[in-house]
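One structure is given below, represented as structure tokens, and several questions about it will come after.
First chain written, first letter: the chains are A, B, C, D and E, and each begins at residue 1.
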């Protein structure tokens, strides 16, 4: 069997159910692959791992991947299992935020570490400076959890539809007390959770073949997970080495994830790509990418995998 | 509480004094059944082999150790009270100057604590420094001086505040014979002039005989007094009194006392 | 200076020796123009006030300091070579036993370094321990002994490897008179028996006179030799020789020498 | 043993302050929740609520104790939910890193003491090395060591980070210790014309032992910290560090504190262990009085 | 490859030169004392540059020193802003509060052996709590700005300084204390004139250890939530952006600031404890 190492963007959770399912259900084995899944975490830059040769393929968000490409690391998107973006800003109603106009003068929690680009683009889009002041917003680098909202250190925080949002709910705040702004709805969505490899390796037919099989098996895993969300969540749970995840949370997460993967067969939709790039290029004074990227995605793999 | 009634109570009075240290290896009887009376103006030397309790006895007088048996009074009070009344100056076996203070600073230390005025401090420091021949060394630090000079500085420190009792634990041990002779003479003069009461520990028989009005011979295990020799020498003592027959006789008696105490060891 | 009628080269020979320490406060002339010849079998005492360079001179002989002027040879070689040839045993002013070694272990230290066999080490340690009256203390650690016992152990350590030259820096300074007398006698016996050459620093005039064939009187600032007194005492010396007129005369001469050297200071 | 009562007293005081702090810090949430629900609450209700919240700002001592207890005994020790399992993983890496760091530190110290050039050049950089924020470079170290061509297992990568924090106290303490012999002690060996290696084995090394043990105690605690830091980015899969992070990510304060106490217990246990070894060694050397 | 071997060669040559220089009589002078470690540092940098270029290490794994230097020059305002936020506001204030509190606590518990026996073991346990665990909690308590960083620093430096101060206050010799007893000095007099001066070498030992801890603490705490400036913030975001040259620029600033901080405390130590044998030996 051929070895493939996959680097995840985050810790083991239902966000990556498709891959765990493919491994657990033997889809990779059927393709004669021996896949190692490396969990990520707040301190792991998947781009760096792949640059260091620690992985063959990685799950990454497109803004970070394009930024890395500009920095000289030629990442290429070979598949896009997620159709929609799950990122949003979640605000407490009592803090007086009802629409984006109300952001001014407020403190907003934002994820950095390469995940700040969609937010910065959005603010640039709205024309709100991020340097603080009465007309701007105060930005707080949000840590790992939703505490800044619960502790009232921020008026709004970044959440994923499938994860942090539910942590806020679990903490005992009812959905009625919350206001959410989905990037998808605001028209500034960027693509999340694509599969990326190094460009020069794609020239190698053997590697190309491995990736074709890998993407095929992974998409099979995703579709299985969409159809059997509860079983998929249990598979994820079994693969969690820290023993910190809970069944309830993972099952719910799987349900939300299924909404994001729905509508993708694995092939990247060039229209989504164009929108992402346009959003990023509008990224204010310190743009994520300064010029239109070239060759940042390919259908080379999905064409073969999905025929 | 001092002797207002003329002829007065003894300055130091020990009755059946015992002091036992509890150690991991069992008790050490540093002093046993020590009885001694020291009158005002006495110059008492303590002599005896290493470990016989000389230092311990002096420390007990200074309330640095607490007797486990018997009674001990200083100026008629209990030693702790005497200490709080700053009844004595103490010269330790080692100089023990504070390295972060200059020599003058070290000498002023007790004066600062006892609340002397700045001017008085300067004045007294100057005086005692010249007494021990250390003029000009006031601004040096202790570690810039030789061992002998440090020892002299520590004597100056004890003299600075002019207590009535002076307790000295081998103060001249580190000095050479000539300097020692000179300081012996100075000490005698000081004692004659000030009528201080002095307790003095030494290893040297000639020194003990030359200085003392009374010589206490001690012996170890347990530490006890084996002999108390009253000196018949006059109060006025030139250095060459040491060649007199009387001196040699006393020295002989001390040596005999020591030797008998030594019988059981080394 | 002694006349070299003997066959061999002198054991120690210093010519116009000078040693200056550079310090932050300027140079200190510890030794200046020191000329001295020590023959095999001599027992030479160095006496003089504190800071006159006695220790420095002994250390220069042992190649622990390096003269800045003049020449110095030991056994005809330069001191460093003599040190490497392990020509001497050295007893320091402080005992300096290693606290993590037992007394026997401390005594075996030089023997281990010089590569003696195990059996030989045991044998020698036993022998020197009894020489200094410390039988039965071999397995104690230094801090379990009194200061005097520690000093004796350090003497035993220097004797253990039986060097021809013995350099001793105030070895008996910390001991009381009785023990000191006994060790003085032992040292004389050892010297007579082994024909060692001994360099001996002391503060005590009687000790210097009692022990030596030659007494070197030194004086400070700069450290120099002011007098060399040949002893006329016989080689056989009972303790009571110290009451003889001859002894007293020599002691007097030493005292005079010391006093004149002291003129400028203290 | 005389210390038992004082320690218990201090612990009791800390627990009392802790409870007070828990009430104080958690009450905001109780009031906010009540306000959101539109109900009035009494102070008594607030207090009892603050001591049993799911996501307290500061969990009460009994909550942490419970977390520790279930973490340790709630399942088989081989279970991934067991604190013992994670503690064991951290412990292994800590010990390996500690061994590497100590060895390296001693070697460096020996070099510094014996070679002037090393003395003058290495020490300032050893100090500078410790000002580098380890958490910043840990991920890179993990990536570099874990990836080709080295492909080292996570255990080694973690141990390297632990060693990085370990070596410094050892170097500092050991240099001090190897230099602790006084001039007189060195002079003695000079009079025996002892070689450098004899001086090292017979004087410098034994003299340095108390210093070495003092630094080893600091170093082993640092090694635990290093391992935990290294566990954060190593994929956050296992170990107390991963537990800590997971707890932090999901706002499971009780889990954080339980992992935190487990880590501190591990470190304290190792320090005590070294203390015992120290006592035994120094007693054998006759240096314990 | 030639870069690589050239660098190794340079390193060997410089090492030989340093070894030679250290043996010269001039080695004792201050200039050489600075030059030797500087040359050592330069050789490390040259070796690093050589390895990166010689082995073609990608810049996203390890940038070359020259690239880092370029970034430093280009981003002075950013670096300065981060320095102010993290070092001046976070680390320094925490250091002063933490060390001050520790010394005062040590003096406060000094008279109570009971408290000392109880507090020190517990203190050692608390000191063993890894900061990566404490930092998120303190960020939660004190907000995301510099106050929480200072709090982390306080927690980190408190116990080392406390333990050292307590040890220092106990470090007087018996005779030195007896001397005070013979003067019947009050507690405060003994403290001011004997025990504090005698404790200084120990206290400074703690203060020196605390400098590096303070820096690490302030930077690491920023990983757990911060405003959008500060060295820890910059490092963690720059890693995510693969801007490793920026990461290393911040690390360089941290190392420089840390060494300067340490040097400052060491200089103060020298001035205050000039009388201690360890300082006297070095003139």
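FYI, contacts are C-beta pairs under 8 Å (C-beta built on N, C-alpha and C of every residue); 3 or more make two chains touch, one makes a residue touch a chain.
According to UniProt, the chain labels map to these proteins: B, C = Carnitine transport ATP-binding protein OpuCA; D, E = Riboflavin transport system permease protein RibX.
Bear in mind the structure is a predicted one, so any value in this text is a computation, not a measurement.
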Other chains in touch with both chain B and chain D: C, E
From chain C, the most remote chain by mean C-alpha position: A
Identity of the chain that, by mean CA position, is farthest from chain B: A
Centre-to-centre distance between chain D and chain C (centres being mean Cα positions), rounded to whole Å: 53
Centre distance in Å when chain B and chain E are each reduced to the mean of their C-alpha atoms: 50
Centre-of-Cα separation between chain E and chain D, whole angstrom: 18
Inter-chain centre distance, chain B versus chain C - centres from mean C-alpha coordinates, in Å: 31
Shared-contact residues (touching 2 or more other chains) in chain C: none
Residues of chain A touching at least two other chains: 43, 45, 48, 52, 143-144, 147, 151
Residue list for chain D, restricted to those that touch at least two other chains: 57, 135, 139-140, 143-144, 232, 248
Pairs of chains, among all present, that meet the touch criterion: A-D, A-E, B-C, B-E, C-D, D-E
Contact footprint of chain A on chain D as seen in their complex: 28-29, 33, 36, 54-55, 57, 79-82, 86, 135, 138-140, 143-144, 146-149, 232-233, 235-238, 242-243, 245-252, 255
Chain E to chain B touching residues, read off their complex: 173, 175-176, 178-186, 189, 193-194, 197-198, 200, 273-277, 280
List of chain C residues in touch with chain B within their complex: 25, 47-51, 133, 146-148, 173, 175-179, 182, 203-205, 255, 258-259, 262, 266
Touch list for chain E against partner chain A, complex: 58-61, 136, 139-140, 143-144, 222-228, 233, 236-237, 239-243
Contacting residues of chain D [partner chain C, same complex]: 182, 184-185, 187-194, 198, 202-203, 206-207, 209, 285-287, 289
